[in-house]
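All remarks here apply to the structure that follows.
Chains here go by letter, A, B, C, D, E and F, matching the order in which they are written, and residues are numbered from 1 within each.
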């Protein structure tokens, strides 16, 4: 029974680009991230080291390709293209980032959080069913069906999701309140961590049979 | 000569919705702005008073209409639709906002600053020529021509502009690092303030003939 | 099979008290939360309204009872006693809080996040196995077995857990970087939200049979 | 006509030292900027790298020369002496700076903004007419004539100016809410950027004849 | 011997106006403090409630009187005139304040801290000997003699002092990184608190004879 | 008389580990401090340089030894064990720290401030008399006697103390709102700075006979 189902069940691997409400403020006009410097020097700072401002050009503040649909041919049927400080060095110290999210028909951006950012999403194409859950102990669920031009906000750190409930592809753009808010896809982090969480912890936490937990851990 | 020109010269009246890199962080899951409360009570706080969380519904986190083109039939040929805390109460305390910018052919979003936010812009339709100028004393200009799917970032507080250099309409979406970053259209603020700035100040500052200054002050 | 297991499987209902790394700084010596004012007036602010400082006494900076063991007779075998701005008004504007966590033998504080705070934990009694998972796409798991006097830190927003791996009760104290960081118990928020998340979303996200999802939603 | 006027019209080249309301807080007693290190290494950070604290001396927290009048023999008849992190390394991480502003009779500190700071100004000598303009769409102008001992505040990011309306020199001291808030002299940034902004943009934005724009761009 | 000395020994009662490096950022152009509102309503917020922006005038951003010498005819021979949010409502949410410090010949601004702000001081008249002490366990003392036009910075929270070492009056202006940083005059807070600290605590802490402590507590 | 007393009077040398309400927020999951890098390179940043995240292990988030009583055999009869970014590199960028405080019978943690943090203290063993003094000009003293399980909060930057008023040892744990808030023991900083503060300053400030000041400066 489960097997049959799993054929259509999805693996998701999205890295969301979001933005925290409280990135440290910039102390100069700009501080473009110095690519690969930390990789070579093995020294890091909060955020990124910056390029010599005399060498900065307009291209440092420019990113291209957000018009290209992401590949949604995966288990969850969605794809996130991040425009954060890792892919767009000009954002360093500026406290903001973007993402494009593509959804195949009935695809979803499964439940996840952004540990360092609030997300404001606008639908460009299609129809999305979206929601977030508040923290303990209420765990209230707020949901809405969004069409083209509709906007929704997911407060920092709360679990949220977006599902394409239409028969066509859907596209959304998200603004995020940090240069690198991170994303935690709940199922992946819980069942697919590296190394895996001891099954005993998860069987109790999720009230699942140990075999189911071990099965899930193999899948993720 | 001037007169002939002015027929096509534009007055602009856009209120941009941007986002500062350093809005205070939220101290609860959400704090939806309480509409009209300050108007009635004549008491205000930094940001907005908030609605009783028990009365909050999904609609408080929802805004619609960003699919509707703004009216660009004005002197600058552009229009900004703000999705900030004034129009979207759910953003209160969350440090982020959005805007849609429409451009008529050859329309522009004239030089302006956001006093409390960095702006990250993505082009949805058309071709924009964009740029920003760094602070004194370098005043370096960084410019780029953007096409569909291209992204650019305008650091907090710096003067920037966007011009539609194509023959068709253009559309952009901006993510902004504050719930209410404000916008200052330079020409409007300088020549169109209420009341006007003493012409003597502006003649010296802008090295313009007093008559030109007075003429401009009438126009804006 | 599942039934047999569930006898020992736990429901958890803990509300963690944590602290964000970036609460807004205080603008006066103290701003003790004004209890019940918002409840009566239905008006709220980011954080809490404050008591007249002339009426503040030493008792406003005092909380008692953290010596009392929490009741761990529940499905997860743990209990969190929060000392945050909701239970201790003197913390308002001060960016810090505490919690006491009690664990029955083999009890656990199941996977959860604090949307607005980092947690630093010290073990007072017993032996805890603790861990956290980093964000996408690495989802690295860092774990450690802690004994009396050992300290561990869980960075803001990341999923973490603590398990009593000893035969005796365990006790921990956590310092948290916000006056009200919130806690999101993953299993509760995902399977126990109010109202429930559409089962279709969860079956796909967690790769679970729909019946299992519906079963879990009844349990949480 | 214009020519005659321009003899007394001024070019201004002031770099204001201001301070943002939200510089990141210090994480140690002090972090004195390490002069020239970034120039040599071509590596930068948000703010400045810091000197070995063991090598820091009292001179690192000391700046001299604010008693020396600035040279106001220029087109705007004013001069700003900055005491910010670039000239006074001890300010690094401390979120504050100072400036001395000298005014020749009828000289002015022309319309400008500080992208990263609020300015509080006190008049030491003379009589200043000062003002600032609020953001769109109100663009309200607030002005005041200040005499010796009078204080005025210019909120972060708003366009403001100071004019010596007396027959004698005037002197002011400004406290600023960032270690390096930057200054943007509007006319310079708009008409004197390097390279120049396309005249077409400015003719439309400022409703000026293209020849006037090109004339101004040569002047600035 | 002590008696003879005490005739010239000073009691000091200065309330310094300083500014923290991390006041929350403003969320609108301005938020002028609403005078007396909290006194009447007995309800407070972090910072101050704000006046209806429509009723705000230029006078709200204006303070006068910093040209008037403070009365230094007191035991320490100094006087601080604060221009902070309590005396100048326009500063609310703006993260900066000023103070004027007057010194009689040989007067001092005795050892004190600003719990919420860094101070940058410029000497207008006279000669000051100034210093600050770093935190534990080094407790390094940095000192400098300042003349007219000299500037010094006292990092947030560190104990510092200023002494007029000249035969004439001295005047200084300080910029401070908060709208209300507070000041703690060490001797007053320790020996003159209300009610007094138990003498036993102070005898041990300061290694003073209990009679000396009790004597000091009467004096302060 | 004094001599007899001094036999039991204490010298204190505690370096408190506290936490500021406003440490800059993290811009990545973690940024573990790179030990000794600054010592070797003589280059520093606000906070600490960080270790290559690929080399980080669970041990970087782990500190042991808080179960070990500190040595209180000193003049004040207390001892502070800091768990801050200097001793626990995993705390870097995370805005929180801990401390254990041990008290001999009648020992005290003498009056001190934390320049960059609020402290929340919980008593584990014994009975403490604690208090803090507000800033000028009220200097109100708030005190409380705490027993096992009692909690008290000391707002950022205010002078506070803890005294063991019981016949047995006392133990407390403090959570602090910065990775490195620093501590300033008042008596040490004032009378024991290196080099010493000119006795003339202290005689006037503390209304003490110069010989007493010089005596104290020898002691501390």
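General remarks:
Throughout what follows, a contact is a pair of C-beta atoms (placed from the backbone, for glycine too) under 8 Å apart; a residue touches a chain by one contact, two chains touch by 3 or more.
Just so we're clear, the structure is a prediction, and the values are computed from it rather than from any experiment.
Here the chain-to-chain distance from chain A to chain C, counted in touching steps, is 1. Greatest Cα centroid separation from chain D: this falls to C. For the pair chain A and chain F, the fraction of shared interface numbers is less than half, so the two copies use mostly different residues to meet. Of all chains, the one whose Cα centroid sits at the greatest distance from that of chain E is A. Chain D and chain E have Cα centroids separated by 27 Å.
Inter-chain spacing, taken between the CA centroids of chain B and chain C, is 40 Å. Averaged Cα coordinates give chain C a centre that lies 47 Å from the centre of chain D. For chain D, the set of residues touching two or more other chains reads 20, 22-26, 29, 45, 47, 93, 115-116, 131, 135, 155-156, 158, 182.
Pairs of chains that satisfy the touch definition comprise A-B, A-C, A-D, A-F, B-C, B-D, B-E, C-E, C-F, D-E, D-F, E-F. By the touch criterion stated above, chain D contacts chain F in their complex at residues 24-29, 31, 34, 37, 45, 47, 49-53, 55, 92-93. Remark: chain C residues 1-2, 5-6, 8-16, 20, 22, 75-76, 108, 110-116, 129, 131, 133, 135-141, 155-159, 161, 163, 182-198, 200-210, 212, 216, 219-220 touch chain A in the complex. The residues of chain F lying in touch with chain C in their complex are 19-26, 29-30, 56-59, 61-68, 83, 88, 90-91, 93-98, 118-120, 122, 124, 131-132, 134-135, 142-144, 146-156, 158, 173-177.
Within the complex formed with chain B, the residues of chain C that make contact are 20, 22-24, 38, 42-47, 85, 115-116, 178-180, 182.
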